[in-house]
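Both complexes shown next keep chain A, but they swap its partner, so chain B is in the first and chain C is in the second.
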Partner chain A sequence: MSAWAWLLTLCGALLGATSARANPVDAFGLGARATALGSAYSAVADDTAAAYYNPAGLARSTDLRVDLGYQLARPVLNVSGQPQDLMDSRGLIFGVLLPGRLLGLRFAFGVTLFLPDQQATRIRVLSFDRPRLQLFENRPQRMFFAANLAIHIYRGLYLGGGLTFMSRSKGVVYLRGRVALSDPEQSALESSVDVNLLAIRYPQVGLLFEATKDLSFSLVYRHKFLLELEQGFNIRGDIGDEGQEPLVKGARFEQVAYSVDLFQPWQIVAGAAARFSSVLVSFDLTYSRWSEQPPPAARITLNVDIGRFNDLVKLVPSRPYPDPGFFDTLMPAVGVEWRALSNALSGRLALDLRGGYRFEPSPVPEQDGESSFGDSDRHIVSLGLGVELSRLGQVLKKPLAIDVFGAFTHLPLRRFKKLDPRSLVGDFTVGGQVWQVGGQMRWRF
Partner chain B sequence: MAVLNMRRFSTAFQRVFGKPTHHGKPQPLAGPLAWGALLVAGLAACGTQGDATVLPDRWPRSGLSGYRFVDADVPYALGRFGWDLDEPTVVVPVMPSATLADARMQVWGQMSPRLSPEKTVLFRAGLSAQKPNAEAEPDEVLTPTQPWEGAGLHSPSVLALRDDGSRQLLVYQGQQGDVGAAVVTADGIDKRDAPLISATTLRAGTAGNIGRVSAVRDEDRVYLFYTLGERELRVAETEYATLVRAADLGRKETGELDVRISPPLLYVSAVGVPPGESKAVPAERIGHVAARRLLTPVGRVRWDVALRAQAGRDTVLVAASAYAEGRTKASIGPASAFLPVEAALIKTSEGTVGAPSLATVAGRSLLFFGLRSVGSQVAVATLPQ
Partner chain C sequence: MRRALGRMGPTWPRLCGLSLVLASLSPSPAAASLPELFGLGGRVSAMANTGAAYATGFDAAYANPAGLWQSGRQLTLGTVYGGYGLSLRSPQDGSISPHLIDPTAGLIIGGSFTLPLGGVLKDRIGTALALYTPFGLINRAQDPFPDVPRAPVLDGRSQVVSVLLGAGVRLPGGFSVGGGALALAALVGTITITPDGSGRITSISEQQLTVDYAPILGVRWQGLGDRLALGAVFRGASRSSYRLTVSTKLGDALPIELPLIYFAGSAQYDPLQLGMEAAARLRPSLLLVAQLTWKHWSAYEYPVLPATQSAAMLPVPGFHDTLVPRLAIEKTLALGGWGELSLRGGYQFEWSPAPDPPASPPKPESRPSNLHDADRHIVSAGLGLRFIGRLPLTLDVFGQGHILGPHSTLSGGLGVLGAVLGYQL
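Moving on to the complex of A and B:
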């Protein structure tokens, strides 16, 4: 296959991908260095974290890279003063970046994985009126796996894009045979199950421009993600006792439940990074299209055909749910990295100190009606440390980076009032914190 | 032609983990960094064993429906052999306990000998919030002694006069619906001779009978909720200081308390029986009201009334609710109207439900109510967690 064919295939895949994105990386960041910088990383990325922050950054690296780390986020949230049992989001981070050349252009291919400890995907669909912390239940519990390709186009200009992979389930349980009337235990039904885990791909593309060697700009688009589940059962058979003429021949009962388990909006990120001597300052501004959030509840369709008894059965159609009315959000993030030590220990050690701040406004509107989606704004403060070890002998000829970070998210108390005093949930408040820690090793070869 | 430098990758890998020998077996790992890398990967891999913990829903509810017996096998909080118990009223300490295990509450109510149902007396019992279905036996604390009280007392309500609960104001009714008061201390109960409010005043010019009166304090005011003629909910409003002074003046005080009677706040026809169901019909009678004032988590006042509704042979417990907003000085009562909840407080086939009482103790929502099968006892239910 020619290089142009590869490119066309990549573009086709990007355009043809289904909508997607909902992951713990959005919520808590990816990688120790990026998270320490407050996730203001789109113009800084040059490692495997670029797979999320800006795929174009992959092509900056001329080294083969292997990154391995672990990160944990623990939400400690209260609803009306009552502590909530929320799951940690924790897991292994692994990434590989392979540089190469294409038609004389430098390019890089990278794969990045966040493998959670607990659930590859968490599926929990609740009824519309059931209260929940919308952005802390399913959203941080899923695997993230992205593959990206980036090219150095021209003098400091990089373009990258790729796909993130996910799967959704679609399944039906079939029952076939005879349903006995007088004694249900005499029914003779054969069962079969047909379940498919269907692949979902969703794209991200990024542009990176190094205006000077100390000044970079970035632009990133991440597509939206909607994980729909489709599950049902299908019963076909005769109704009647064994040895007798069936009361109904070929009766049919079908049920299908569609539900939205995960949703993440499409996002546009604009970023910049500037280096002033030993200090790197980065800034990201992310627009998130939360207003497309569909009602997070199941729609159920029922079909029944029992011949001459159809008039006796009245099926109530699944009611339409109101638009949850989420707001689009604009999220600023800023990060600072200071090279505190360079060439220490005879040039073997360098030390970076990092800090960051991000503000994530809540997309959740007032909950004065039927729904009770609890959420609050987030102020995220992060700190980190990076050690770069050089001249480690024949094993590693290039510097090895070891990064650690800690982050604290403050959710100020938010008050939700119900219009109807009879609401079964009633007025409520949401507030709390999220604690994060993590570490990562980054090898270059 | 695309050239992916796999040879370079292979070389780097071998640098770290060692080259395979010609026998195909790898050499020992080269260097402590490789061991470190393996350790990190190993620890992370061990962590991927998973945790299938089921998340309970620990979201507080408003407590207006959906109660279940604390224990379906042991549904009763209070009972006494040979007596019928009903009209429980829960008194929660003003300074609540920090934990459920420490929390205690008082339950007042009425009881009568099974063979003489008209001779009702008031009882009192202490219960633990953690195990309210103790099937405890209450003590008889107040009997009728005044002519206006008739043969029996009922409808106790208790207002705290001191934060530590050492001095309480007991509001109750005589047989004909007149309202009396008594001061409760550790030394005993000092009853006022004359009624505070006559049934005639509460009738507000109508001929309806007066249902259970439930007194609740709202800062400088006291509201007495009751049903009139089993068809409408009303409130008698007075000043707290006036009420306390009238009760404190002693047994010789004979003047009636000055109260204002509200217009109907809820009509019988607004309540469906069974509530919220497609076969629901308008209630024919409502009564046995118990009211509470609570501060929602956002700091606004909500008023709830729990009551018994009947239609035909169906008897249910249902709540109605209102926010205390938009009131003026001319308004009477805590709200202009109460809205009935379209779901029952509790569904039970264990017997016929009697008078309810709602309480929240150490974060736990509790519903006490009379429940009659052979006899009548006080049952207790809670919201499922």
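Moving on to the complex of A and C:
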């Protein structure tokens, strides 16, 4: 899509409750090397994954780079022991890094894309009171596209920034005609659509400092974004069967829904990476401002005028949903990379072994009221392997890197208790695992 | 095009295979309406949307990806603005009223590079990314009721993001091939409006945006010492479609039951097309271009489908295929040792696919068509400035004037201006 452009156009027209999500890169990482290192990558990044982890890292490279890979994440989660129908997050990773010089200043431009292969985007909306896995429902079903520019400021100091692109929709869908009373399927309605998919561009900026050739520090800011949907659904017409005098003329059914379909908190990441001989150790600490999460549900305004039947209308007036009361979170991540083989096969082969751990505390509070957002802390363990092939002949003069990874996320069982014993939902539990695998090739030219 | 062709070894079968792989790995999410309407890039837009035989930069991603092997390494940033001045005459009373279309205003971003490979692949493979994004907008769906007049070939067609990714490979014998893809969104899903546990109205929905790819394939031959180039480009039909089913289950809360409602149609549509082009360099500084493009508009369907099973039959567009001839010229002047100035111009005749007057209803119960379009005479001009030296910049500016031909209801014209700045990395 356009790009993925249509997703939100009409689905937003009629949306009700929605849930909070960010993007698959937030949830599962981007690229085989970064994910293998537990996403502790802000001070390590020098490839196209820097578009997400730290844009400043783009300017480290003096080579033109092309990265191509594929990654898959399969959530196996349950609510009260019942397996949930959650889709895989799987898709193509593609990135290009173009370095250059302008007036003596080294710079690089990079674009990075994660394109899910099942659908560009998915929206699954459940009613507000239904227990759901708040951060997994739609969070992985998004395309990610970022464009960044980075410059080498001075002796080991890099600055980078750019935009990630999302969209929101706003508009009205009109219907007019005749609604049949005895058999609704005999209704004759025609539609008119006036919906805009508006661009949302949210910035990210990063700083990277190479204190020595073996020690780097990083600081990254990712801005928050809200994906708001403001949509109307408007039916005007007569009520009555075909060939008969309408029972009601000029009836109307109008609905306006405002909802926050997607929310990403602003984040600050501080990181460091140190190389000790053949071992690279990296660490990231991410602060996420989840407490600004708005109610992940729609505010619906209904206006119904069906003439003589108005007295029979029993629609309950809408009221705002309560503040979800999410917590801010602090997420540590650590990664280790060991060059197990270097200069093997007469200098043609190098082998890296990687591992990482990340802890993501859940931002979701106890659900003792009417909402039922399920979530649990996440412990993510990852392993990876990287092969660097050199001296590949005349065609490819610079090393080619091939990386694979696997990761396992454990969500310990979390129990949510309702204060009101008459709650229709009742107590519920959430837990499970997420499995990830992926591979990537990274070319340097 | 001036670049001398390099060595051409007996490796073309491998290169053909590689080009197909590259083409298959070149997805891009987009609908291509701005490129289809005005061209994409400062040079090709100034030259009547030609380029199948000569475009080599990011603009070749749409004009003909076969030229991308010559792209060098360049970043491009530009802007485009277009205004519309159309009027519609009422067939009933003859009154004339303005037909309002929002201005075209957006950003063009491009990046292209020839892969710096060695050996048999040296200077053989190039790729490019091209992006047009309207300011503040990604897509627009504006489908009025069937009785409201509309100009579907012009209405809102530049109000959609266009992203193109392509790759080109040089083959022996002066040939090159290229491929790219437009990834197009198709929205499918269901929505149920229903009360939640507390009786408040909410909705349960499941929608997916799937991606369909429309290919762009091209071939080019350059010979006679680079004095002649022939290009052919095929672009698949691109459609941004949607289909949602809405059911309302309000039970006792509403005394009437609403039918199953379908929102379905196409938000954007570009026809399948095939273009053939010849570019001749009569002198090193003079380029002449002629192109003929066939557009398969007869496959165009009414952009909205009936909302309910028993709705009145919708109009039939009755569009026909068209041929679009294009002519262009480029004269390049040396500016001492520091740069070059190119003067460009072109003309194209955009034959309207819509019948005039609009098509009659096929059945008495059908609505008459309200789709209006007129032939367009398109005159384009532009300048290109290329600096040589420490600051390797290019600046291309262009303008296009679209003048509508005689038509029973639609009159007026439109114009577009653009400027594109390139930096050779």
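Note that the second predicted complex is superposed on the first by the 367 of 445 C-alpha atoms of A that agree within 3 Å, B and C clash if a C-alpha of one lies under 4 Å from a C-alpha of the other, contacts with A are read in each partner's own complex, and residues count from 1 in each chain.
The criterion applied here is as follows: contacts are C-beta pairs under 8 Å (C-beta built on N, C-alpha and C of every residue); 3 or more make two chains touch, one makes a residue touch a chain.
Because the structure is predicted, anything quoted here is derived from the model rather than measured.
Colleague: Going by the contact rule set out at the top, does A:68 touch chain B (first), chain C (second), both, or neither?
Modeller: Both partners, chain B and chain C.
Colleague: Going by the contact rule set out at the top, does A:396 touch chain B (first), chain C (second), both, or neither?
Modeller: both
Colleague: So in the superposed three-chain picture, is A:157 touching just chain B, just chain C, both, or none of them (first/second/both/neither)?
Modeller: Neither chain B nor chain C is touched by A:157.
Colleague: Where does A:109 make contact in the superposed view: on chain B (first), on chain C (second), on both, or on neither?
Modeller: A:109 contacts both chain B and chain C.
Colleague: Where does A:172 make contact in the superposed view: on chain B (first), on chain C (second), on both, or on neither?
Modeller: neither
Colleague: Between chain B and chain C, which makes contact with more of the residues in chain A?
Modeller: It is C that touches the greater number of chain A residues.
Colleague: With both complexes superposed on chain A, which partner does A:445 reach: first (chain B), second (chain C), both or neither?
Modeller: A:445 sits against chain B and chain C alike.
Colleague: After superposition on the shared chain, which partner residues are touched by A:215: those of chain B (first), chain C (second), both, or neither?
Modeller: neither
Colleague: Just to be sure I read the superposition right, which of the two partners does A:274 touch: chain B = first, chain C = second, or both, or neither?
Modeller: Touch partners of A:274: none, neither chain B nor chain C.
Colleague: After superposition on the shared chain, which partner residues are touched by A:316: those of chain B (first), chain C (second), both, or neither?
Modeller: second
Colleague: Would you please give the residues of chain A that touch chain B in one complex and also touch chain C in the other complex?
Modeller: Touching chain B in the first complex and chain C in the second, residues 3, 6, 64, 66, 68, 92, 98-102, 109, 115, 117-119, 124, 130, 393-396, 424-425, 445 of chain A appear in both lists.
Colleague: Could you list, by residue number, the parts of chain C that touch chain A in their complex?
Modeller: The touching residues are 25, 27-31, 73, 75, 109, 111, 113, 115-122, 129, 133-134, 136-146, 148, 160-163, 183-187, 189, 191, 193-211, 240-242, 244, 246, 250, 252-261, 263, 265, 267-268, 304, 306-312, 314, 391, 423, 425.
Colleague: Show me the residue ranges of chain A that touch chain B in the complex, using the header's touch definition.
Modeller: Its residues touching chain B are 3, 6, 64, 66, 68-70, 79-87, 90-92, 98-102, 107, 109, 115-119, 124, 130-132, 372, 374, 392-396, 400, 415-417, 420-429, 441, 443, 445.
Colleague: Spell out the residues on chain B that touch chain A in their complex, using ranges where they run on.
Modeller: Touching chain A: residues 1-6, 8-9, 11-12, 15-16, 30-31, 33-34, 36-37, 40-41, 43-45, 47-51, 53, 55-62, 64-66, 296-300, 302-303, 319-323, 339-343, 363 of chain B.
Colleague: So in the complex, which bits of chain A are touching chain C?
Modeller: 1-7, 9-11, 13-17, 64, 66, 68, 92, 96, 98-103, 109, 111, 115, 117-130, 141, 143, 147, 167, 171, 173-177, 179-181, 184-199, 235, 239, 242, 253, 255, 257, 297-298, 300, 302, 304, 306, 309, 312-316, 318-319, 370, 393-397, 424-425, 445
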